[in-house]
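The first chain written gets the first letter, and so on, giving A, B, C and D; residue counts start at 1 in each chain.
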Amino acid sequence: MKRQIPLALVILFGWLMLALYFIPLEGAQKINENLLDWTAIIGIFALALGIWSLISVNVDKIQYKKRDWPYSIVTLFGLFAMIVFGLKFGGADSMFQGQESYMFRHFFDDILIPIFSTMFSLLAFFIASAAYRAFRARSALATILLVGAIIVMIRFFPFIAEYTRPVADWIINVPNLAAKRAIWMGVGLGIVATGLKVILGIERSYLGRD
Amino acid sequence: MNRKVLIPIASIIVFIGFVLLKLDWDGADRTHELWEALEVTAGGFLTLMIFSFLYKDNAFYKFAEHLYVGISAAYWMCVGFWSNLAQQAIPHLSQSLSEALGQPFLGYIWHYWIPVALGLILLTRLLPESMKIGWISKWTLAFIVASTAGLFITANLQANFIAQIASTMSLPLLPDWTGFGDFLSNFDLSYEGQFVKMFSNWVIIIGVISGLVYFFFSKEHTGWFGRVSRLGIWVLMVTFGAAFGYTVMGRVSLLVGRLTFLFRDWAGVIG
Amino acid sequence: MNYYTEKITRALLPANATALLVALLLACATLNVSAQESVVEEDAVGSALVAPVGVSSVTASDAPNDAGRAVVVTFVPAPVPQSEDQALTLSYEIHRALSQDGPWKKVGAMPSDTTAIMTFKDAGGRDTTSSDYFPTETDLYYRVRSMTVDTALFAESEIAGPVQGIGQWWNSGRSPVFWFVLFFTILTLVFLNVARKRGDSLYIRPLAGIDAVDEAIGRATEMGKPILYVLGLGTASDIATIASFTILGRVSRKVAEYQTDVIVPCYDPIVFTIAQETVRSGYMDAGRPDAYRDEQVYFVTQAQFAYVAAVNGTILRERPATNIYLGKFFAESLILAETGAIAGSIQIAGTDEIAQLPFFVVACDYTLIGEELYAASAYLGREPLLLGALKAQDYAKAVIVVLAIIGVIMTSMGYEWFAEAFKVVG
Amino acid sequence: MLLAVTQGLGPVFSWFFWITFAAGLGWLLWMSITGREVERRIIFLFMGLTVSGAVLAGIILPVQETTVVRNVFDTIEGLSEGDRVLLSLDYDPSGAPELEPMAKAVSQHCFEKKLKICYMTLWGTGGAMITDVIALAKVDFPDLVYGDDYCNVGYRAGNEAVLRVIASDFRKTFPTDVSGTSLDSLSVMNGILNCADFKYIVAIGSGRPGIKEWVEYVVEPSGALMGSGAAAVSAPQLYPYYPQQMNGMMGGSKGASEYEKMLRRVYPKFKSSRAQATEIMGPQTVAHVFLMLLIVFANISYFLAKKRKGASA
């Protein structure tokens, strides 16, 4: 039982979804759309598990005074504050308007967005350090990598750009296209192979043991 | 007093100081002014806290990081709850519940119970292990993985695989060919020229094939096969280099955006 | 003035009828007040235009490869009017009715064109309350009305029908996909059989990234430091993530055998649930179920950069011996990989996101490129079944290479139908 | 490059910036010639100072137009009054510096041409982005009427699934707009049944779901006409879709600034509007120069070190 039921579900739904792609019938497309809705709804329950994990890890840290435990208070504070602000009850004049409520939006705009954009902008620094470290003509492959990067980077230079742009454009449009196609085809095959292994029931490490 | 207490207190004082500096006392709407000052100052402080990570891991970064994790987790939970459960599932299941959530009831549809049931099954993982019921949560995992695997097989084949083969196949080896004489007399190195078109097609075809050869796993890459596979990895590497170079621009724009915020909105140095 | 413009139009018609007519239509629309007045005037003096000739050969047939909520209408436009008092057709309106006697409903319009057979697809939805409701499996009738500048002056075609919109059981436009799935499934099954018989003697070329995984686990054990395994930002519906689960299963088994630790921070809640299951069973397989703790696999948050901030913190505080990034990665790839480099960890990455591969290649010690990620689970487990599937993949690739060469040659010789046969429609 | 127009803190600061920048580069060159590795944090510091300096100096550089961007511009230019355009903003605040200027420029262009725009997003965080873009576009067009000139259908969860459905039935996923008004009562959406009914789709995106998904799930099955605006990072990998599946693309700030330039060339009235992408281009280019020189220096020091090793061995 413990083994058979999940396996039966895998085979049933895997092949069903595969087959639905070929059937334009309305009933078939409805099933298809509904299955996608279902996944989103299940996701919410899984998120509850996730939030539970987040809370228990942090409570654990505080309880046993593990390293950096005071910061766990910050996490829990942020979590609960935001959950409270995200509540919705009490009609139109209540403070609690769910996603529309003042505090909820402002926590998003004033705390999430600045951190978010700054984290992202760290990339500019890391790109510099990675380039400095890695773009050295150590081997044939490294040299090719370096040449590709240099040609395309010169592309953005004013003045010199006029002469190098055709070459850079060509690299981006032609060898780039070839490489992407090769990778895409390989990935496509890998996806189909992995997908088939899943729906044939060969690959089931995601189901664990028992 | 030890550092662990001093630093947070000092930071709070500095923060309040900056808020006060930013505050426009003559403004008509004081509460609004205060909020604006708080917003911009918080944005500026958090930006600097994250940047401090570049020097080394430190208390300020840790603070911003932990705050960010907590708030974002709750944010996504609320968004997910409203958009998936409250607006999609519940309006098809219960009139009273959907009205309680302020959502219009969309008519009872029985099969919306299925994902709810599968979701509840998933929650059995939270029950103590001694109850030995957690294993049924695998039904849900099986459902999700299998249905998406089935879905993605075909979607991928269509767009990433067969479409790519078809477009590679439709490249003629000799585009616009009207004979050798014409080819030589109209020889042109520009992008639209026949030579470049032809050369490009050859590069794409050879590049795709050698790239695929590189991905062969069950044949030794020696001899001519090894040479073709070597060519394949070269093509990949040129591409990677080029893509890296191409990206630099976009990444720097983010930093420019951030610094513009710091200088323009927060510090007010530039207009 | 109406009359005058029409005369000019008629003289210019063969040049570019459609463009001119559209322009004319616009001109009339802007001048509609005066235009209407002039119609009245002309009526008054009795020099009114007569209706144009209607379109002919109207056919209506069920649209192929759909859910039965579309019908294709074709018709042959009337030739350019010969006499001067005949009004010019500016556009066609397509009307639909449930019976020959009406009532008729306008379902679409097309600009006039006298050069070719016109095709109109009347498609709608299944929502009966919506304005675009299309009744399926119901007798429908179609007619085409040729419209002129004067809305009262038009010509009706004969009625086509009855026709029914019928749902199909098979989308023939997608047949290439079907043939490929069939071919590949058979290939996989054949090689699974071969692999079962020949065991693990199938050759696979070495992959540096995979060999490094074993070394990395050993190194972590020596250093007494954990291994960080990041499944990426994919959801459980990304096959790259599913491929990563199988690798995680094998890594956690080895980790358990070597008695070291693996940390798995998760981004997606479903992925988190599956990852817990996977790591737990890895520990069970190694015979050390008691060594597994739930805190090893934890959920962080579903926001991209909050997740990255937290993982960065973990990298700098725990200083893992090895960081493994396998799955779907986006902009965060370089942030993670560079932070890992700062912490001095050995880094193994793999993704099928082409845009991120360059960053991993530049900043990590080993990178699994695209398909190598999908092949990795077969390498690590060396289970005959998975090796068989890998062999099937290789054969499929060989077939593609051959097909591509044939296709290019066929296209070069002018036989474009060969490449066309691989195009998926709809 | 010194011809660059300066705004910011004025010409004195600008000169100061260039001199310091040159001095810093000289120091880096000296470090690499003497074969010393530069520490990561110093590179971070250089990067930070370079970009900060350029932002403060307010450097603006000339841009050149390219065909791939012009195609998007020309398509919109070729549409006629009242045509409907679908604008999907699939990015979040982090993508905004690059992508918002595109969304803004395309919106301005459409409104100038009296086209009607339907805004949507596939990203949960995209709703706020749409509001921002509409607010920016409205500066030049204060008289726009919601529902008649544009509408905002907002976000629906489901990523690719949303696209799959709207490719054939727009109202199935978006029965109402963002504030719950039925689409049937918005004149913008009159007669729009699916994505192909829009005269043009412009997908502006920075990741997944984004342009690739639009191509896969909307353009491929429905044959809709699409142009796109991509973050610089994903632009090269979207090239295979050009020009078959999408007829034009704006790549990164560069693409956005080209569009801004075209818009200002054809409609001089926009010259007074802030050209955000063009503002970003200056500091970006300076950072670029720095990065290229950094790579050159890295190789100099590598070769010199190798030579020294060879000599001593």
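Assume a residue touches a chain if its C-beta (ideal position, glycine included) is under 8 Å from a C-beta of that chain, and two chains touch if they have at least 3 such contacts.
From a predicted model like this one, the values you see are computed outputs, not experimental measurements.
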Once you count every C-beta pair in contact for both, which comes out on top, C-D or B-D? B-D
For chain C and chain D, what's the span in angstrom between their mean Cα positions? 23
Centroid of chain B to centroid of chain D, CA atoms only: how many Å? 16
For chain A and chain D, what's the span in angstrom between their mean Cα positions? 21
Interface hub residues of chain A, defined as touching at least two other chains: 18, 21-22, 36-37, 39-40, 42-43, 46-51, 54, 68, 108-109, 112-113, 115-117, 119-125, 127, 129, 131, 133, 135, 145-146, 149-150, 153, 156, 172-173, 176-177, 180-181, 183-187, 189, 191-192, 194-196, 198, 206-208
Touching two or more other chains in chain D are residues 40, 44, 47-48, 51, 94, 96-97, 157, 172, 220, 233, 236-237, 240, 254, 284, 287-288, 291
Residues touching two or more other chains, restricted to chain C: which are they? 174, 177, 181, 237, 239, 242, 270, 273-274, 277, 300-303, 305-306, 309, 317, 331, 354-355, 357, 359, 361-362, 369-371, 375, 390, 393, 397, 400, 424, 426
What is the shape of the graph in which nodes denote protein chains and edges denote touching chain pairs (line, ring, star, complete, other)? complete
Residues of chain C touching chain A in their complex? 65-69, 126, 136, 167-171, 174, 177-178, 181, 184-185, 188, 192, 237, 239-240, 242-243, 245-246, 248-250, 266, 269-270, 272-274, 277-278, 280-281, 284-285, 294-295, 298-306, 308-309, 317, 331, 334-335, 337-338, 341, 352, 354, 357, 359, 361-363, 369-371, 373-375, 377, 385-386, 389-390, 392-393, 396-397, 400, 426
For a test of understanding, state which residues of chain D touch chain C in their complex under the given definition. 40, 80, 94, 169, 171-172, 184, 193-194, 206-208, 220-221, 233-234, 236-237
In the complex formed with chain B, which residues of chain A make contact? 2, 5-7, 9-18, 21-22, 34-52, 54, 68, 70-72, 74-83, 86, 88, 98-99, 104, 106-125, 127, 131, 140-141, 144-153, 155-156, 166, 168-189, 191-192, 194-196, 198-199, 206-208, 210
In their shared complex, chain A is touched by residues of chain B numbered 4, 35, 38-39, 42-44, 46-47, 50-51, 53-54, 62-82, 84-85, 88-89, 101-102, 111-112, 114-116, 118-120, 122-123, 125-126, 135, 138-157, 160-161, 164-165, 167-168, 190-191, 196, 200, 203-212, 214-215, 232-249, 251-252, 254-255, 257-258, 261
Looking at the complex, which residues from chain D come into contact with chain B? 7-9, 41, 44, 47-48, 51-52, 54-56, 58, 94, 96-98, 124, 155-157, 160, 215-217, 220, 231-233, 235-237, 240, 244, 251-254, 279-280, 283-284, 287-288, 291
